[in-house]
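Below you'll find a set of structures to go through.
Both of the next two complexes hold subunit A, though its partner changes from subunit B to subunit C.
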Partner chain A sequence: MLKITNLHANVGDKPILKGLTLSINAGEIHAIMGPNGAGKSTLGYVLSGRPGYEITEGEVTFNGQNLLDLEPHERAAAGLFLGFQYPVEIPGVSNVQFLREALNAQRKYRSDTPLSGAEFLKVAREQAGALSMDMDMLKRPVNVGFSGGEKKRNEMVQMGIIDPALAILDETDSGLDIDALRTVGDGINRIMRKPDKAVLLITHYQRLLDYVKPDFVHVLADGRITRSGGPELALELERDGYKELAV
Partner chain B sequence: MSDEIDIKDKAAWDAADRVADYEHGWSSDIETDFAPKGLTEDTVRFISAKKNEPEWMLEWRLKAFASWKTMTPPDWAKLNVPPIDYQEAYYYAEPKAKPKLGSLDEVDPEILRIYEKLGIPIAEQEVLAGVEGARRVAVDAVFDSVSVATTFRAELERSGVIFRSISEAIKEYPELVKKWLGKIVPMHDNYFATLNCAVFSDGTFVYIPEGVRCPMELSTYFRINAENTGQFERTLIIADKGSYVSYLEGCTAPMRDENQLHAAVVELVALDDAEIKYSTVQNWYPGDAEGKGGIYNFVTKRSLCQGKNSKVSWTQVETGSAVTWKYPSCVLNGENSVGEFYSVAVTNNYQQADTGTKMIHNGKGSRSTIVSKGISAGHSNNTYRGLVRVAPNAEGVRNFTQCDSLLLGSLSGAHTVPYIEVRNPSAQIEHEATTSKISDDQMFYAQARGLNAEEAVTLIVNGFAKEVLQQLPMEFAVEAQKLLGISLEGSVG
Partner chain C sequence: MTMPAPTRHDEAWRYSDIAAVEAAWPLPAPESIIVPAGGNFARTIVQDNGAIHQLNIAIGKGATAAIYILNIGGDFGRVDLNVTLHEGADFKLGAVQIGSNAQTLEIITTVTHVEPNATSSQIVRSVLAGTSTGSYLGKVSVARDAQLTDSVQSVKAMLLDRSATANAKPELEIYADDVKCAHGCAIGELDPMGLFYLQARGLAPADAKKLMLQAFVAGVFEGAADEEMLIEAALKKLGELV
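Up next is the complex of A and B:
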């Protein structure tokens, strides 16, 4: 589904990704762990097309398509979802309006018929309910006045509504208490653990992986994957720290 | 919420959908009857004669014209306007196939076709066909200088509401017109208002009798069609004691290279316990991306909250015109009277807007609210200019002002010029102002969810302007939301 080959990327003049190679197949959940500053968030931004990141070398294909040629909204329409580490506030725009417009923009791009207000609300209610989010919150402006945990849960509701093929979740576990962590973990499994979908979890800690069992764990250090393994690698990292293993 | 809007008012959505690019940029080839080019006393006489006006009206016009010749245009606004040659314009244009008023069947089909293209629900059946919940709108359509059709007149008359072109009202209700015309905006108020007094061609007159709640929204669409035609409408709305009316004004003009002058005067008066809600969506041609062409919009709008507990609420969405000079104001004479001003002004490319309001508190316990949202993109300049004045005898006055500016790009300007003059120590005046830019984070977040850059800007801008947009009647709110996006096209990317 996603094939990253020898990816190099700069922010300004500074190289952040330095030859990253990674393949993700449908049905798989991958976790990327690594120390601060290793390039984890950069990877998420580069894959979703954030301006300001310069690709200097390498290629990325998504279902056979050259991902790097696409605009951010085209990548979204192609089925790529980025769960933000710091979800952004949009004053005056309700979650419902935001998501309906976003979803219908994606559908329009794929030449699907747009969802009516009633159809959309049905989907939104189901997804909010599954993540124990009150519908009133969906009517409030996007992330405005939400706690850290509510913002992360809102990202999962958005993921459920948009129903992407590949989700890149950037530190979705940060700022969550134990109960919220379980809710979010359950959400990821319910929405994304399917034979035709895949997940790339970017995280510092092993604890999310108690709820979302990865098929593969990778260590990202200094802009490269330095080690790959199964779920046991995460436990090893938790025990020994990155310093022992990374380089 | 959006899902309610599209269920309840499909007609409005459809109309809004037709507003794409600047699709109003065509001019129709209806034969037009012009006054001779230029502005002299004869022009004034020509207009008055064309309209079969009574002698007193002609005299009033001539008096205004004589004054105007001695006046100079105001120069205090933050606007850069090249000198206007008033002798190069036509002051009166009338569609030749002048239809009789009363029935839509008699209206020139070409005019109806144009209105249809504009998405105006002029045909009664179109409005009535609106899905349940769609409110009916009575339209007094001004095509260039003449009011061509007035719908719903019969039903309005049953409730005693007078809804006429101002030309008709001058003939049919001279006493009412004489009593208020020029009383809210005096003849010598300012250069453009005085010019309007001399050459106004048509406009709307509304009288709501005592205790009557107007049974439908009243609406006027203005459209400047003929080349080099100034448009000078005159609107007078009188809300008698305890009455209520909501009035919508929409404006579009086709694409023209020459700058066209528009100098309207709107006068509103609300007596005891009366309320007037006046909403404007203005998308006149703003000129092209290089700043060539576009409408010059010099408008004087003022309301008199004369009676106790009277209320006037102005809501405006200004996206068009090359130059906007406009300050819809409230003179709050009545005890406990209320004035409101909600404004969204968008400027892009080389547009210039200097707009705001005046709240003149003369009455005890009078209150006012000002919410202004300015959005500047391209090379444009957008100024909020507002005055809050409290008279010495006005005890217990309150005002709240909120001025927010949103900048797109790094070449546009946002300016806020509030004047506060308080002569009574019991007044409570609050002023809040913010200036912000659309953040890269917001843009990328919306794009990562599937919106392209233009859609993302439209969404964020609509959120910014929401407090004002939600003051609009639903039919207008949808159109206004679309217009904000359309007018900011090309401002990102």
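Up next is the complex of A and C:
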């Protein structure tokens, strides 16, 4: 589904990704762990097309399509979802209005029929309910006045509504208490643990992986994958730290 | 006797399109509106053809006046309000100006509290693209006798291009000692992270911008009898900008 080959990327003049190679197939959940500054968030931003990141070498294909040629909204319509580490507050724009417009823009791009207001609200209500989020919060301006945990939960509600093929979740577990972590973990499994979907979890900690069992764990250090393994690698990292393992 | 046309040295015209002003000179006398004691007055002004509007509004004891302005059209559009509040009167202004290309748009308000207990609230939002210029000159005067005046002024401008210009000049002149006058003024540009967030969820760049600009001007027309028409006209113009 996603094939990253020898990816190099700069922020300004500074190289951050230095030859990253990674393949993710449908039905798989991959976790990327690594120390601060290794390039984890950069990877998420580069894959979703945030301006300001310059790709200097390498290629990325998503279902056979050259991902790097697409605009951010085209990548979204192609089925890629980025769960933000710091979901952005947008005063004055209601969650429901924004999500309905976003979903229908994606559907239009894929030549699907748009959802009516009633159809959309039904989907939104289901997803909010499944993540124990009050429907009133969905009517409020996007992330404004939300706590850290509520913002992350809102990301998952958005993911449920948009129903992407590939989710890149950037530290979705940070800022969550134990109960919220379980709710979010259950949400990821329910929405994304399917044979035709895949997940790339970017995380610092093993604890999310207790709820969302990865098929593969990778260590990202200094801009490239330095080690890959099964779920046991995450436990090893938790025990020994990155210093011991990063090659 | 005709007054000579103003020049840039006249404070109230310093950001104006002077050539356009000269062409329109002499201006007809300002429209005079007197709201009698206890009365309620509301007016919507859609400036969409490059006109100069001048209104003098005297709001009587306990009366209210609400003015809604959408300043969007022509090479030069100007709305100039001169408002006098008597005891316990209330004045409300909700104004949006949206400029593109080389348009010069401006709103000038002089709000004078001459008697006690009156309230005034002014919200002005400007969205400016291209090489347009949008100005707001807003003066609030509180006379010595106008104790317990409560006046609020909120002025924000959004620049969509580096080549656009926003001028804002909030001004307070207070002679009474027991009053509340709040004012805020900000000039900025669209938050790039917000735009990226919206695009990452599937909105095309123009739609993402439009949604954020819509949020920026939302609420200004709240309470207007023709709120829907105003919002629709504002969105139409915003759609041309992004």
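Structural remarks
Heads up, the rule we're going with is that the second predicted complex is superposed on the first by the 247 of 247 C-alpha atoms of A that agree within 3 Å, B and C clash if a C-alpha of one lies under 4 Å from a C-alpha of the other, contacts with A are read in each partner's own complex, and residues count from 1 in each chain.
What we mean here is this: a residue touches a chain if its C-beta (ideal position, glycine included) is under 8 Å from a C-beta of that chain, and two chains touch if they have at least 3 such contacts.
Because the structure is predicted, anything quoted here is derived from the model rather than measured.
Of the two partner chains, neither subunit B nor subunit C is touched by A:Asn189. In the superposition on chain A, A:Val96 makes contact with subunit B only, while subunit C stays out of contact range. Using the contact criterion defined above for the overlaid structures, shared-chain residue A:Leu82 touches subunit B and also reaches subunit C.
Once the two complexes are laid over each other on the shared chain, residue contacts for A:Gly117 go to subunit B alone; subunit C is not touched.
Among subunit B and subunit C, the chain that touches a larger number of residues in subunit A is B. After overlaying the two complexes on the shared chain, residue contacts for A:Thr226 are found with neither subunit B nor subunit C. Of the two partner chains placed around the shared chain by superposition, subunit B and subunit C are both touched by A:Pro72. In the superposed pair of complexes, A:Arg50 makes contact with subunit B and with subunit C alike.
Taken together, the two complexes place residues 48-51, 71-73, 75-77, 81-82, 84, 87-93, 97-99, 101-103, 105-106, 109, 141, 158, 162 of subunit A in contact with subunit B and also with subunit C.
Those residues of subunit B that touch subunit A in the shared complex are 1-4, 6-7, 439-442, 444-453, 455, 459-460, 462-467.
Residues 48-52, 71-73, 75-77, 81-82, 84, 86-94, 96-103, 105-106, 109, 116-118, 120-121, 139, 141, 158, 162 of subunit A are the ones touching subunit B in the complex. The touching residues of subunit C, when paired with subunit A in their complex, are 191-194, 196-205, 207-208, 211-212, 214-216, 218-219. By the touch criterion given at the top, residues 48-51, 71-73, 75-77, 81-82, 84, 87-93, 97-99, 101-103, 105-106, 109, 141-142, 158, 162 of subunit A touch subunit C in their complex.
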